[in-house]
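Residue numbering begins at 1 within each chain, and the chains themselves are lettered A, B, C and D in the order written.
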């Protein structure tokens, strides 16, 4: 517990370390993107965006660790904020849309067309 | 300062309208536009550029020390004339939409003011980026004016208008950027000063480059003008736009194209212009005749006037590319005159539409019986448009044609077109008489025909009311004044035109040698 | 230069460089009154219309101002000294640039030719406006104002046309009179025929205007000026030759001809004039008989030096032949019409043909003289026709009117018409006799391609003229009294309350004007005998000072042109002498036939027509003549219909090919491409997202490959 | 061309993913799973081949990382391939948890736990609620049947291609760009930064100094000597032990309030607006609910496809 509040000294990250985290982040992002593009359920699509957020979180924190700059983590807090706000609004909208058409299929919503 | 005000005030008024209550919006707009008009008159009185090559209304305001973009404003006399045209038409456009716009009035007038700011910005910009931003930004308010307040087919019309002209100007942007890039390559720093770029482009571009730059710029400006094969957005947009929109579209927005030709194409790439002029001349002539004949078989009167704009602007471009003083003078005059007379025709059609809710010449006609005042104005502006000597249309048409005529290898006067161009273009005069008199014959004269379900407008009298007359009278006065005293304008813009033509030295020198006047 | 200082320079500052021969009459600014008075009258009429004036005020204003114009013109005449004055009035088109300039101001060029024209234009204008004050009284109110405003516009434009010192101002007048004609022909704007006729007149005239415009351009490019005085100087100096192609100078006469044939209703552009009779009759008298239609002759006379530049005079030969053929054609049509106003219209076309023939056979003097006399007698004829029309509720059919001279109140009308007819028919010692002879004789004198035949043709036409003229008079004014009312019941004061129609005789204004003009028509013979040094009297004098002086036979002879133009002969006699007898004889024959068929034995005319129609070999003749040789139909089929169809085709091309295929097709191309690759553009979230993400990813990869790995470098 | 190897590896992984996603026999899908795992492992091995890697020292962390990474990736793939949205959500929880592990490896303690709390605790629960709400309402008559739009993927080929491109692009940029990064912060820099922060936190400083036996009121300066924080002044020179120095959580907190106060405010406003928005939308939901009420009361139901205009 004390580690959470007190400094732990660590050696510098190697490039290989950073690369691993970033590759993980990229892959997670890509999987999230893939899900977003292939799934038709609106809620799952939103989940996939959250997954992409997770990927971004990892990248931010990894870079922050690399530079020993904590603004990376601060940014993660903002990501959380946005994710929360998005969840509230988007899910409300999804429910609204679902009520309207009685389906969660994104393909039925083509008003963006033209 | 004055130039900044001319751009900023409309924006301010627009914002003010947007935040004030619906019922005062039109009064605010009227007061604002009138104020700006007075301001522009004041600016014009002090303007040093009349008859000289000087620039006026100068503002030098770099955004920052390092930025290549600036907020440099200024006007030569041609630009000033067009600014005056803009500020003159705006109060009329506001007054003309007084009762025509019933829903979302606040937005309407706010957009109108934004439009004015953008148009003035185009004419006053001395920085390429500023010019381009304003040039493109005119599309946005116009898009909304058409898309929200237009008639039945407005969605398609507004989209087409936007996409078409936008695509064209993107090509022009490519041309501009190329010139800018070449400039940066040459001098190691970017600059977007129109003057600097033009001066560079004249000498710094190879013939091939200049040719491509010309084509790119033509793509942008010819769509705006519109020149023959790229004109089809215009009839649709004009027909669907609300009255004020049509008036501004015909009165000023089309002039952005010809102004662009004058400001960029002619000074930037003279060599390429000389090479391509015959083709442009032919396109103008085809446009004149082709659009004129199409006018003749229209049954929608607004579409007729819209096509007539295509035909008329053909003369304007022809004069511009005659590359001699008469042609260029005529062309600039044409910009103003077309704005006055065609603007007035759109007003008149709007007034008719407000009362009868149709633009079909088959279902409405013979209005001289019930709307004598309207009919008088209609006939008057049709004659101005036909080019009756003594009214404004004649002078500009005459000068454009004589300019085109005088050029050519066998001609006595410089320029690159020739008698044949003018001879074919002049057929447009006959065709103009054919279609415009056909229109007058149908809607003004003949037996009274009204749509079956017609009943009187609840607010407007059968004939024009004082407000509507107040819209038309200034335009009529403008037509007469420019018709009998064209030297007012020609003297004023002579300097700038000489300046522009001085870039065509061989032509002018040839002129000097060949001029034989038995004085 | 600031705007204010520019405004203050509105008065003409830079006077053109004076040419040696021409006075710069700076003190004659008052001459501008000729223009300004009709303009004022126009404005006043407009004000009257706005104030819903229902009195005859507009008429009096117009008559007053036109009389003022006439008086001014008289003063100009009295102050006139040869060779001519340029009077600058107002600055108009005035461009200048390094090494040149273009100048066309509102300035007058006052020489004898313009004075001749302006005198009869303003004089007849005043008289006819006075006549119209009574004629138009049924339309008191806005129509009345409209009418007199139109007359004012016409007089303004016509004065500008005649007095212009440059071709551009002439063009202003030229189009201005065309517009006034449009205005007045379309006066009864609820009548579809009137609207169509007005439109036709304007458009056909526009074709002529096109020629004039091109001619102006050519003059400018060839001679470097559009001002008459400078033009003459340049032509005389011959300097123009080194800066122009041969064709450009040679083309000017042809373009001017096109203009003149349009305005003066010659082949092939005459078709508008007969239709123009839809306008009120005073308009027909003033514009479509006396003044406007002679503008073509004025133009050619004014630009005569350009015609003479070509040593072969080819252009003039064409003018002569076109004039002669038009005269014949119009006369044959006129013979077969029943509408007296139409007959007069065709006779106008025919007489204008004579005038062109005169110009073509090198007698500008004859042409000008005929213009002058024709103005009077044709005005008299039209005004009397108008009186008939006015009195008989629009009745114009000569079969339904008879014996007018025996009716109470119609004496002046009948005898004024008789005078007009006599002059038109070339009855000996009337004005028309002398003026027509001056042209006919010269056709035999001058050498040209087939001019001998042209002369005989013109003589034959003169006979036809006499016939159809007196056909009208014998039918309408002579014979037993009988009449039917027309169907035009404007104003019900002479209505059918008792089931019987009362004709409605002309009153003071109309009678006085008809009388004055008829007397004028007779007196117009007098100038012929006013010897003033040149053979041909006052008219020759009036032409002699002008650019058209080449066309005075006596002058030509004096200038030793006699060798070139050796006198032809007519039946072995000097044509000038022989013509007195020959043309008189031909006139008599025509009148005699008319008297036989239309006065003494009217039934013979009917049976003759029936006889011609019954034989298929001859039936085409009366039919074609009555249907005006199908010219309108031919024009419709050859020009208007193809144009109409072509326009529709163009419209279709514009909508389908240019707009739908080219423009919309291009716009759809990216989408089609996209569809071909993957359904990215169906508008769903997925599609947009796929496109967006794929684009970003590709961009990232491409940038990386290029920038970091140098793959494509 | 070695630079393209990451692309190839992601391609292999993508092929595996495609095999999993495409409808087909179970064996193929499992094979796809193996291919995908192989691709990922190859990619990871490539990271190990990069210079400067002290494999022995980092072995433990590497092992932990591989476990967490594998868990999160597998969870993610499961999440997007599950037919039932509820399972997707649950797998997402797995992803979040394993991500937390990764964050812990990065010594981002606070972040790790807040992500768990906010995501797994709050956001995911909301998702579950909505899912259940929607599922219940939509399939009232065939409960348990998976709707077509959950069974069939939408354009799987295009999606996978784009995702593979994206993954390739991103990993490629990692591989090509990492060498251009500035040097990582070594121990010295870390200690320096910590010492600076420590100097800025008066209460922590006082407590630490007191603990180290420095009398109150002594003017000391905090300096770093040989990567160890010292307090020097007034004749004292004491070492501040590591546990008395601020940790990463304090660092984050300090950064948040000292460096990005405005952003913090904005974030608050965003949340507030989201709350307003949710309330507004919720009101509409009540409107919509009236339809169901009307239906249950036997009244005419306003057609659900109609706009809200009908309901208001």
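Following the convention adopted for this analysis, contacts are C-beta pairs under 8 Å (C-beta built on N, C-alpha and C of every residue); 3 or more make two chains touch, one makes a residue touch a chain.
Since we're looking at a predicted model, the values are computed, not measured.
> Name whichever of A-D and B-C has more C-beta pairs touching across its two chains.
Between B-C and A-D, the larger count of C-beta pairs in contact belongs to A-D.
> Report the inter-chain centroid distance for subunit B and subunit C in whole angstrom, where each centroid is the mean of the CA atoms.
The answer is 36 Å.
> Express in whole angstrom the distance between the two chain centres, defined as the mean CA positions of subunit A and subunit B.
52
> What is the distance in Å between the mean C-alpha positions of subunit A and subunit D?
Taking the average C-alpha coordinate of subunit A and of subunit D, the gap between them is 6 Å.
> Using mean C-alpha positions as chain centres, tell me how far subunit C is from subunit D in Å, no decimals.
91
> Where in subunit A do residues touch two or more other chains at once?
33, 37, 40, 106-107
> Please set out, as single numbers or ranges, the residues of subunit C touching at least two other chains.
In subunit C, residues 686, 690, 693 touch at least two other chains, as defined above.
> Of all the residues in subunit B, which ones touch at least 2 other chains?
Touching at least two other chains: none.
> Viewed as a graph of touching chains, is the assembly arranged as a line, ring, star, complete set, or other?
other
> Which positions of subunit C touch subunit D when the two form their complex?
Those residues of subunit C that touch subunit D are 678-680, 686, 690, 693-694, 696-698, 700-701, 704-705, 708-709, 711.
> What residues on subunit C touch subunit B, complex-wise?
1-4, 6-7, 9-10, 16-17, 90-102, 142, 168, 171-176, 179, 182, 186, 189-190, 192, 195-196, 198-199, 202-203, 206-207, 209-210, 213-214, 216-218, 220-225, 230, 233-234, 237, 239-240, 242-245, 248, 643-644, 646-648, 650-651, 654, 658-659, 662-663, 667
> Tell me, which parts of subunit C touch subunit A in their complex?
682-686, 688-690, 693
> Where on subunit D does subunit A make contact in their complex?
Per the touch definition, subunit D meets subunit A at residues 6, 10, 13, 17, 21, 40, 43-44, 47-48, 50-54, 57-58, 61-62, 65, 69, 72-73, 76-77, 79-80, 85, 88-89, 92, 95-96, 99, 102-103, 106-111, 114-115, 118-119, 122-123, 126-127, 130-131, 133-134, 137-138, 147-150, 152-156, 158-160, 162-164, 166-167, 170-171, 174-175, 178-179, 181-187, 189-191, 193-194, 227, 242-252, 254-256, 259-260, 263, 267, 270-271, 273-275, 277-278, 281-282, 284-285, 288, 304-305.
> What part of subunit A is in contact with subunit C in the complex they form?
Interface residues on the subunit A side: 33, 36-37, 40, 45, 106-107, 109-114.
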